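Read the structure below first, then the notes.
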Amino acid sequence: MMIDKMAMVDTNCIGENTLIKSFAVINKEVIIGSNVIIHPHVTIEAGVVIGNNVEIFPGAYIGKPPKGAGAVARKIEYEQKVKIGDNCVIGPNAIIYSDVIIGCNTLIGDNASIREQVIIGDFCIVSRSVTINYNTSIGNRTKIMDMTHITGNCQIGDDVFISVLVATTNDRAIGQSGYAEEKVIGPNIGNGVAIGASANILPGVSIGEGSVVAASAVVSKDVLPRKMVAGNPARVIKSLDGGGEI
Amino acid sequence: MMIDKMAMVDTNCIGENTLIKSFAVINKEVIIGSNVIIHPHVTIEAGVVIGNNVEIFPGAYIGKPPKGAGAVARKIEYEQKVKIGDNCVIGPNAIIYSDVIIGCNTLIGDNASIREQVIIGDFCIVSRSVTINYNTSIGNRTKIMDMTHITGNCQIGDDVFISVLVATTNDRAIGQSGYAEEKVIGPNIGNGVAIGASANILPGVSIGEGSVVAASAVVSKDVLPRKMVAGNPARVIKSLDGGGEI
Amino acid sequence: MMIDKMAMVDTNCIGENTLIKSFAVINKEVIIGSNVIIHPHVTIEAGVVIGNNVEIFPGAYIGKPPKGAGAVARKIEYEQKVKIGDNCVIGPNAIIYSDVIIGCNTLIGDNASIREQVIIGDFCIVSRSVTINYNTSIGNRTKIMDMTHITGNCQIGDDVFISVLVATTNDRAIGQSGYAEEKVIGPNIGNGVAIGASANILPGVSIGEGSVVAASAVVSKDVLPRKMVAGNPARVIKSLDGGGEI
């Protein structure tokens, strides 16, 4: 264990061979595993548990309490805990709120931001500047590319690939009806789905297992499994299970 | 007032019960209200005035002087001042340039960046990774969601909702004619307008009060009040004032 | 030369009149020119060379070693060096990986992130929250606006203008075929090309010199020089060389 003399460390729960660099701020009630590297200017709040062999790059902020100003409609509930599994990498300036669980071997990219009540599986990539909203779950081996937004109340399966600049939303009323939890429903994206760049997945849409959404498609209604859809609004252009029919 | 011994604070104008944490940098000529929390690694430049009950999360940078390198065409003018109203929240790693005024109870999200000569009203949300360009005004109770870009020379009214990944621009020549202030005109978005995810609002377009722009619409000409528009190019698909005609 | 007493500086190769502010971290084997300003909370890794008259704003991180977690398919190769030319400006919280060369008079915007094996020319703008992937080259006087993503294995010429929220990608299989270097080909964008907001340039597409891509166009096949294309899929709507034919 090597803590730079200019780091502010308020916990004793730090594993072997862990390195904490200058100007990092580690609050009390933080647990850090072995062989972890924490770079300069990282801030970690109380309640965060970090596994072994994790690397956290400069400026990352982990355990942010959700806090709205007067303008936030939704009531915020959360537990003060974060769990980051073994072998994860947290990119520079990434922000992880409180009440987030991240599996093992997952990469959170530079400037990404993940809100409360989110679960992310193993071997995932959440790439640069991706934002993930509250109360969303993401399976294992799923990759979400740069600048894509994952909405609140959304479910994403295993082995999903979502390309860059993809929009997902959860409110058909486009913010015109206030916040009613039961009407705010994000997409449900099945296992093995692939979504092309700049696609737009509208609120409440289900995309069935193994389907492919073409680049720039606007998906306004449910997609059955193993179909390829394209266009605005998206229509089935191909079946992917060999049957030939669409 | 509690200033961590590892903070660098060059001002005496700090209100009661304000907390400044480790490795924050507060320059001279900064005025900070009461009950403010300034987290680690925040930097605040001279000329910034912060109201009461404001919370500024780690890594935020307030009062950035605008500075182009050799490649910037537009002449930059600004005053060295920022005003942040009572009860605002400034997210982690957010960047606010000099010459910005923000009302009360407004939330500036994680990684957002707001350039000079911008005015934002009360009870607004400027969400995560939103960028706002120079010389733009935003009314009260307006919400701008993640990764949306608000262009320069743009006016946005009260009670507007702009969803995620929306583009606005101000130059019909797409950068091919150099910078001529009189030809660079952003959209004018009326009170109560709602704009869906991934929409694209072209330069100089006016969108009338209460109108709705569907997700992924490309708005290339003016929209009258209380119309719903959709498609590329966007056309009126519904009147919203009960008249039935479009 | 003025180094704040709270900065951590491990190099002696610093030019005249250079200013390094509080809580900056400069590692060994860093070379810094004259008249440079390094703001608080900047981190610079070994192997970085910074020219004269450069300004680096708070929270920037230069020389990041590329590091994937278990989920990254592509083998990462890089050299531990960065070169930033004279008169550049590096925005707050910008991230520049190792093995990047940036010319003179270039602006890297707030929260931008530039990966390894990238070369950027002189007098360029890489604006706010732009992400650039590995093994990509960008010419001189080229401007890439906010939130645009430049993919890996991509070539961009001189005097190019790419507007906001533009997607580029390099994998027609949308991540479904694993990573095969020879099948992963980004666009080739010629000199003087202009690309409108929210356009989507599909993998491997070439856009000829002087062509214009309209806002929200989806470019799925090659564009000849001096054509204007629009729509999804993009079609030629105008010739720009006076011939009148399309």
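For clarity, chains are labelled A, B and C in written order, and residue numbers in each chain start from 1.
Note that in this section a residue touches a chain if its C-beta (ideal position, glycine included) is under 8 Å from a C-beta of that chain, and two chains touch if they have at least 3 such contacts.
The structure presented is a predicted model; accordingly, all values stated were derived computationally and were not measured.
Taken as a graph of touching chains, this assembly is fully connected, with contact between every pair of chains.
To overlay chain A on chain C by their CA atoms, one rotates by 120 degrees, a value rounded to a multiple of 5. Each chain gets one centre point, the mean of its Cα atoms, and the points for chain A and chain B are 24 Å apart.
Multi-chain contact residues, meaning those touching two or more other chains, occur in chain B at positions 23, 41, 59, 93, 111, 129, 147, 165, 198, 232. Put simply, chain A touches chain C in their complex at residues 6, 21-23, 39-41, 55, 57-59, 87-89, 91-93, 104-107, 109-111, 122-125, 127-129, 141, 143, 145-147, 161, 163-165, 194-198, 212, 215-216, 231-232. Every residue of chain B that touches chain C in the complex is listed here, in rising order: 8, 23, 25, 41, 43, 59, 61, 64, 67-72, 93, 95, 111, 113, 129, 131, 147, 149, 151, 165, 167-169, 174-176, 198, 200, 202, 218, 232.
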